[in-house]
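Shared between the two complexes below is chain A, which has chain B as its partner in the first and chain C in the second.
Moving on, here comes the complex of A and B:
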């Protein structure tokens, strides 16, 4: 077990709401930016932790999308909340599961004594990159931000019991935005290429790959860490799409055990998992001693499973 | 194969309508695009075949599904 604990958390949703078929989606609509939301969530997490920014020794951005190509998101967040300090700032990105990867990765560094208090911030404005011609994804996503502060725990029963990450790159192009990087630069943008600069999701290849790979990955996780998903108190899956119940059914995870708020929030990209985690903490629905499984698939196709003893 | 498809639809995908060979996926069984994808994925996994989105888009009835599976070498 890597003994870490969450000592502060904060969520933020944009004020602007749009409705699709009776379902709310939170969309910045130009009134707020990815950076604005990241800063608000970060400040909430710090306040909740009763810490000043000077108590933090690493800032990690765990967002799916960059705010600008250079510098990294974390440096831009640092500029807003930690300017003038020596705190390092870095991005950890596995798209939708970035938060889980960041929590996983930074827990080793805390355990090793490299860092004491780490601020992890997820913030995404997927609404800026959606393709109106792809109705399913166009109506699915919400914007938002979520942040946590983690630190070492002295309780040997508290922390990360186990974690697995796998990338199946046969799904690398099942979910993508092709333009905006060096393979298709923004400098060469032409209006007829607009589709390359917006989100493209191929639902069937993603689902096919999930059905092929996830059951064996979960089985590997249970065997490697000698745990049973049946004994977990709550499963927080990435709120990927309306196919979530189908995936949970394939994994034989009962609907009473997992969080499904896709109809309320849609897919918040990297924010989905930490948002739900922080929301449960805030409402007292999970507490110290509870076993919480964070899991999800992300563009890549990357799959994360992490079992956290709160 | 009809029984397998029927079982997948009713037990795994929650389709409650009466399923017949001539049943139309959309009009009779209320199978929307999401359920159609889920059905194809389950059949792919069961029979170790691939069903393209183009092939999926051409399926109208349960018989069409069976015909597609047979064309892919699935034995009854």
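Moving on, here comes the complex of A and C:
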């Protein structure tokens, strides 16, 4: 058990809404950026925590994609909310589960006393990288941001009970954006190569890899940390796709127990998990003492599970 | 003190050499990729550690730039060296000092028993993003890769004595690549905007920020960890530029004590620090018991200091 607690949180959605088959999606539409959203969520989280930026000991960006190739996202967020301070800024990335990986990783540094208050910010603007030719993914994503402030807890029952990260790179190309990094630079972009510079999702191979790997991973998690998923109060899975109920059924997680708001928000990339977590906290639907399981699959294919006693 | 040790290391340089004013620079020249180099360095480090990939508990990419926007670099490295395993793969990024941040961060997870053996891989191919119009930066960089395997040490004197990360975002735009992320996507690229999609370095503002901030940071480090830089055996600074001796002089670090191989290798981005560290280990120039200070400035502006008892 790593004794941490969430002392502030903030969500942000762009104002512009588009509808696909009766489902809502939030899209920046060029009027706001990934950075704007990150800053808004971060400021909300600080206000909610009743903290000044000077009380923060580390700023971690846990977004899936980059705002600029150089410097890292956290430095750009720092410039907007922490300029003039010397607070460390770093990025942690496992694509869609980056927030869970950041929470998981930074909990060790809080536990060891390196940092007291850590601000974790996830922000993604998938609408900048979708391919209208691929209807399945084009209609799936929303933009948004979410931020939390975590700190050490003095309550020995509060914090991270256990966590696992697993990468199955058989799925490395099942969800990807091939162009825009050094393997195919921005400067090589030609309009006819648009499919290589936008999100490409191969739904069936991912789903089949998840079906193959997730049950054994959940079993490993239960055994390793001597917990039963049945005793968890709320499961917050990454809102990956409309296949979420199918995956939850395979994992034998009851419908009453998991958050499924894909029809309202779609897949918000790295933001889905913290957004749903913060929303439940804000509405008082989860409270101190509750056992909350954060889990999800990310491009990689990387799977995260983390059990948090709120 | 976080008790870790390096049990394997490997460096890789592309074969192609270019010369600028009598100084050597290594450039992939399109024949090798950032991923190819990462894989070669990682395999060398595993061989040097006499470990199989299955002995690794986490793969961390600590490169400055991305290979693809999705998935993260570590997942792509995983696919080449760990496919079929479920080893977690994650990226940690503070641009040029990413390796130091990754070593620093992962040492907590090793100390806490989360992972036994961690493979950290830095690989950068700056030559894909240079602007020939900006001679100062165009002639400065080399491509390359470096990897280490770290594990827990049972020797209470071996490991990380102390470390600090500080970000001064007054320098957020002093070294940057503006285009290629979501703020200016690859798909907006036009040849006339090349300067926005390539590395832009404002030498003088960075140098003046370093001169202002580094002395107080080194002082804070000495006081916080009750050490004197004078007692350090070797200082391995990021090989940022030809101004390295000037910065070292300001920090009162004697010429005999720090590594300056800018004329041989230039600035290798995130690879400079681990490359010099591994090279000294390979040549037996640093050995068990030596106190090695890793330090550097990165785009952000982020500064890292980490004192490692080898």
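Here is the rule we use: the second predicted complex is superposed on the first by the 310 of 310 C-alpha atoms of A that agree within 3 Å, B and C clash if a C-alpha of one lies under 4 Å from a C-alpha of the other, contacts with A are read in each partner's own complex, and residues count from 1 in each chain.
Just so it is clear, contacts are C-beta pairs under 8 Å (C-beta built on N, C-alpha and C of every residue); 3 or more make two chains touch, one makes a residue touch a chain.
Values in this document were obtained by computation on a predicted structure and should not be read as measured data.
K.L.:
So in the superposed three-chain picture, is A:181 touching just chain B, just chain C, both, or none of them (first/second/both/neither)?
P.N.:
In the superposition, A:181 touches chain C alone.
K.L.:
Looking at A:207 after the superposition, I want to know if it touches chain B, chain C, both of them or none. Which is it: first, second, both, neither?
P.N.:
Only chain B; A:207 stays clear of chain C.
K.L.:
Using the superposition on chain A described above, determine whether A:93 touches chain B (first), chain C (second), both, or neither.
P.N.:
second
K.L.:
Quick check on the superposed pair: does A:199 touch chain B, chain C, both, or neither? Answer first, second, both or neither.
P.N.:
Once the two structures are laid over each other on A, A:199 reaches chain C alone.
K.L.:
First (chain B), second (chain C), both or neither: which does A:14 touch?
P.N.:
A:14 contacts neither chain B nor chain C.
K.L.:
Look at A:296 in the shared chain and tell me whether it touches chain B only, chain C only, both, or neither; answer first, second, both or neither.
P.N.:
After superposing on A, A:296 lies clear of both chain B and chain C.
K.L.:
By residue count, which of the two partners contacts chain A more extensively, chain B or chain C?
P.N.:
Larger number of chain A residues touched: C.
K.L.:
I'd like to know which partner A:159 touches here: chain B for first, chain C for second, both or neither.
P.N.:
neither
K.L.:
Identify the partner contact of A:242: answer first if only chain B is touched, second if only chain C is, both if each is, neither if none is.
P.N.:
The first partner, chain B, only.
K.L.:
Based on the A-chain superposition described above, do chain B and chain C contact any of the same residues on chain A, and if so which?
P.N.:
None.
K.L.:
Residue numbers of chain A touching chain B in their complex, please.
P.N.:
Touching chain B from chain A are residues 136, 202-204, 207-208, 211-212, 242-243, 246, 249.
K.L.:
Which part of chain C faces chain A closely enough to touch in the complex?
P.N.:
2, 33-35, 58-59, 64-72, 74-76, 78-79, 82-84, 86-95, 101, 105, 108-109, 111-112, 114, 125, 128-129, 165-170, 172, 175-187, 189, 194, 197-199, 213, 217, 298-302
K.L.:
Please give the residue numbers of chain B that touch chain A in the complex, ascending.
P.N.:
12-13, 33-34, 37-38, 40-42, 44-45, 50, 53, 56
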